[in-house]
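You will see two complexes here that share chain A, one where it goes with chain B and one where it goes with chain C.
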Partner chain A sequence: MSARLKILEHALASMARRKQKNFAIIAVYTLTVATLASILFLTQALRNEAANVLLGAPDLVVQRLLAGHHDLIPKQYAEQIAKLPGVGKVTPRVWGYYYDSLKKVNFTLLGVNDASEPPLLAGHLPTSGRQCALGRGIADTYGVEIGDSLVLVDSKNRTLLYEITGLFSHQSSLLTNDLILLPEAELRRFFALPDSQASDLAVQVYNEQEVSTLAKKIKHQLPDTRPIGKMEILHTYDTVFNWRSGIMLTIFSSALIAFCILAWDKATGISAEEKREIGILKAIGWETSDVLLLKFWEGLAVSLSSFLLGTIIAYLHIFFFGAGVLGPVIQGWSVLFPKFDLTPAIDLYQIFALAGLTIIPYIACTVIPSWKNAVTDPDSVMRS
Partner chain B sequence: MRILIYLLLCLLLFSSSCFAKQPQQPDKKERCPVCGMFISPYRDWMGTILFKDDSQLFFDGAKDLFRYYFSLPNKNDSRTRDDIAEIYLTDYYSVRLLPVNQLFLVLGSDVSGPMGHEMIPVTGEEAAKTFAKDHNGQKIISFEQLTPQLIPKD
Partner chain C sequence: MAALIQAHTLSKIYNRHQADEVRALSEVTFSVEAGEAVVLQGPSGSGKTSLLSLIGCMTRPTSGQLRIGEKEVSRLPEPFLARVRRETFGFIFQQLNLLRDLSVLDNILLPLYPADLKTAEMHSRAERVLEQLNLLEKQRMKVAQLSGGEQQRVAIARALINQPEIIIADEPTAHLDSTLSKELLVILEHLKKDGKTIVFATHDPYVYQHRLVDRRFSMHDGVLRKAE
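And now, the complex of A and B:
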């Protein structure tokens, strides 16, 4: 066994002798890393989900405004928009919200009329009147599967029974979790929507650069509309997540500072016993570099194990236990929607930044005061 | 041996020229021969020249393509304008490669490409006029009307 490994062995043995102190440090250290990593994981995962959602989003959504709020848009607007150069397909969409007072959750109902199967769907899309396809969250809320029936109450207060023909998988959760697909004609009947109008228009734009010009032109030609570009939605999401995670980081930075004080105190306040230990080691012939290596191993053992433990706890917290502690803070009003599991998305850069910010200062805190002791004369160290 | 390779190469080129000429897509390492910039990040601006010997050059915009076109033949390139089979440019509105005679070029607009001021290829006169109106275009020309003096300087 090389001398270095023997020093590591000695370090671990000497740490085992001061169990209580080291366990206290590891516990607090782990807790801090776990909170910080939880925030990082959660915001990263949410941002990732949002980006995935927007990947399939239309380049431009055109809504109609009436007295400042969202209103149904006449279908002939679609024909007018389709004539503008640079515009591809204009699809009128029909959708609405549905509040289930029994389960106290909000659903989104969306009309489908083409036969194209969306990805991540088990079963098939609703084809005839009384059929529907569901997101996972709704299926879990009611405890239903393909082949079962779903009960919805329509705008005329009639209770309707829909046969479930399709179920979206977990991977598409954020997008489809609270979604119920109905045939468009059926959805119009359900909400008593007129045939000549749609909820909004999804506009395909070939050239990304032209989106803002087209938005301006649509607004000019149809002054009662509100065109929303894909980038605007992305920026909104980004701002919201940054703002929320900013608030949380502000709160938890106090936890970080508290941890720093503890780490500093525990690590630097070398006890008389430790000083004596260093003195003895020097007296029996240890080099200063050996003492430093010993202290380095000690610091690394504590900080690395706490860091790994904290990161694992954060991972489990966010991706297995649905961010139970932080979720309500960062999701805001969306707690009204059915619960969903986040897809793990981790930015390695953030992990390394967190590791650098916690491991290196701690090691420095342990090594520097020991170095001060190790360079003084062993005799005076032991006498003091 | 070398003659044999040349013969084989000629045979290969000849046989492949029997097929209809369609522009290939550039690979990731393709660079513009005029400015040296990579092509693939700027697919929306890409232009390409197909030669009769089936070789193909990619440019990161109409401006660089026409600079090259008017420089032929030059001391680095023995090819002449007669060797060109077809010129393709990316239509601004549909972002598709189209033969240059189907396109109009809008000069002096406020839309700039990867190399600054650009001449914007647009399909159809109606669309070209709309583009000029929306983006402050100064002049609409067809490929036949293009002269080296009309190419933007920067």
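And now, the complex of A and C:
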């Protein structure tokens, strides 16, 4: 075994002798890392969810604005838009919101009249009047699966029973979690919507680069519309989650500062016992570099184990326990109900950045004050 | 044959040019042959510990020269001094300076960690000194659980583990009763017979007068004199 490894062995034995002190530091350190890593994991997972789902979303959604708010759009607008060069298929969509006062949850109901399956769907789309497909959150809320029935109350206060034919997977939870798909004709009956109008228009664009140009053309031709590009939605999600995680990081930076103070205090407040030990080691033939290596191993053992523990706790918190502590803050109120599970998505760059920001300063706080003691003559130990 | 330790006009001043400046040693010149046992006697503050620190390469002299074997060590940089300490000296401190929460074996192995020795060699050396000092049975015990005499033997074992040529002992019997003091001197006699050079400082007349000692020096106010 090399000298370095033997010193590492001694470092671990030394740490075991100061169990309480090291345990307290590891506990605080782990909590700090777990909090910061939770924010990063959650934000990254939400961004990933949004990007995943928007892969299958229309390139452009056209809504109608009336008196500044979203209103039904005439179906004939679809024909006008379809005539623009570069535009593919234009599909009028029908959707609306539904509130279950018993469960206190909001759902989105969307009409489908296309046989093509959306991505990330298990089972199949509803084809006849009393069938539906659900997001995972709704299925969990009611405890139902494919083949079960879902009870909904329509706009005329009639109780209707729908057979569940399909379920969206977790990967699409962010946008489909609160979604119920019904055949379009059934949804029109459910909400009592006129056949000549739609909630919005989904526009297929042949060339991705042309989306913003086409959006401008549509706005020019139909001034009461609001075209929204797919990338615009993704960007909005990014901005919202970044903003929320930024706020959280700002709040928890105080925790980080508190931790830094603790680390600095721990390091600079090197005890008389530790000073004595450094003196003994020097007196019996350890070089300054050996003592610094010992302190480096001690710092690395504490910081690396705390970092790994904190990161694992954050991972479990976000991806196994539904981000119970931080989720509501980052996700926002609109997707609070029903709850949904996130698919693990980690940005390694962020992990390395977090490791760098926590491990390196701690090791520095451990080694630098010891260095001051290690460079002094060991004869002080002779006089103790 | 050249002396193993040669000090020439060694002086040591602590806190130089400060209000609390202390002249601990004044132009000390002496030498110790290999295999000799030399004792330093004198009151507290007379400079015994300072001289042992200088001989043991724990600090550098303010002026003068010190040779250990063929090597002039008085101006060596710290990493080289540490190597000389590790390879040439074994220290027995007045306060023992053991790490009480570590096991006997771990304490004894401490001087060997920075050396590039194989683990098997380290443990073989440890076994030898533990056996020599009758500590084999206690090697897994923590130092704090041992009696004063056993702790003293652990301190000696640690001093011997790196197979030093020179043993430096500062007031080794200061905290021992007469039985343990005798036991310690028996051990030191054995070490001398094995060819070790021993330099120690003491107040204890029993040690000072012991047959083990070849030459005696007395110190007063940092000045070394050959004793009668």
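Couple of notes before you dig in:
Definition applied: the second predicted complex is superposed on the first by the 376 of 384 C-alpha atoms of A that agree within 3 Å, B and C clash if a C-alpha of one lies under 4 Å from a C-alpha of the other, contacts with A are read in each partner's own complex, and residues count from 1 in each chain.
One rule holds in what follows: a residue touches a chain if its C-beta (ideal position, glycine included) is under 8 Å from a C-beta of that chain, and two chains touch if they have at least 3 such contacts.
Not measured: the values here are computed from a predicted model.
Applying the stated clash criterion after superposition on chain A shows that chain B and chain C can sit side by side.
In the superposition on chain A, A:161 makes contact with neither chain B nor chain C.
Of the two partner chains, neither chain B nor chain C is touched by A:55. Contacts of A:284 after superposition on the shared chain: chain C is touched, whereas chain B is not.
By the document's definition of touching, of the two partners only chain B reaches A:209; chain C does not.
Figure note: vertex chain A, arms to chain B and chain C, all at CA centres after fitting on chain A; angle 110 degrees, rounded to a multiple of 10.
Of the two partner chains placed by superposition, only chain B is touched by A:86; chain C is not. When both complexes are overlaid on chain A, the residue A:217 reaches chain B alone and has no touch with chain C. Of the two partner chains placed by superposition, A:102 touches none, neither chain B nor chain C. When the two complexes are overlaid, the chain among chain B and chain C that reaches more residues of chain A is C.
Of all C-alpha pairs spanning chain B and chain C in the superposed arrangement, the closest lie 53 Å apart. In the three-chain superposition model, chain A touches chain B and chain C at no common residue.
Within the complex formed with chain C, the chain A residues making contact are 1-3, 6-7, 9-10, 13, 17, 276-277, 279-290, 375, 377-379, 381-384. Residues of chain C that touch chain A in their complex: 49-50, 52-53, 56, 58-60, 78-79, 82-83, 85-87, 89, 91, 93-95, 97, 99, 101-102, 106, 110-116, 118-119, 122, 158, 162, 170. Across the complex, chain A meets chain B through its residues 84-86, 206-210, 213, 217. Listing the residues of chain B that touch chain A in their complex gives 44, 92-96, 111, 122, 126-127, 130-131, 134-135.
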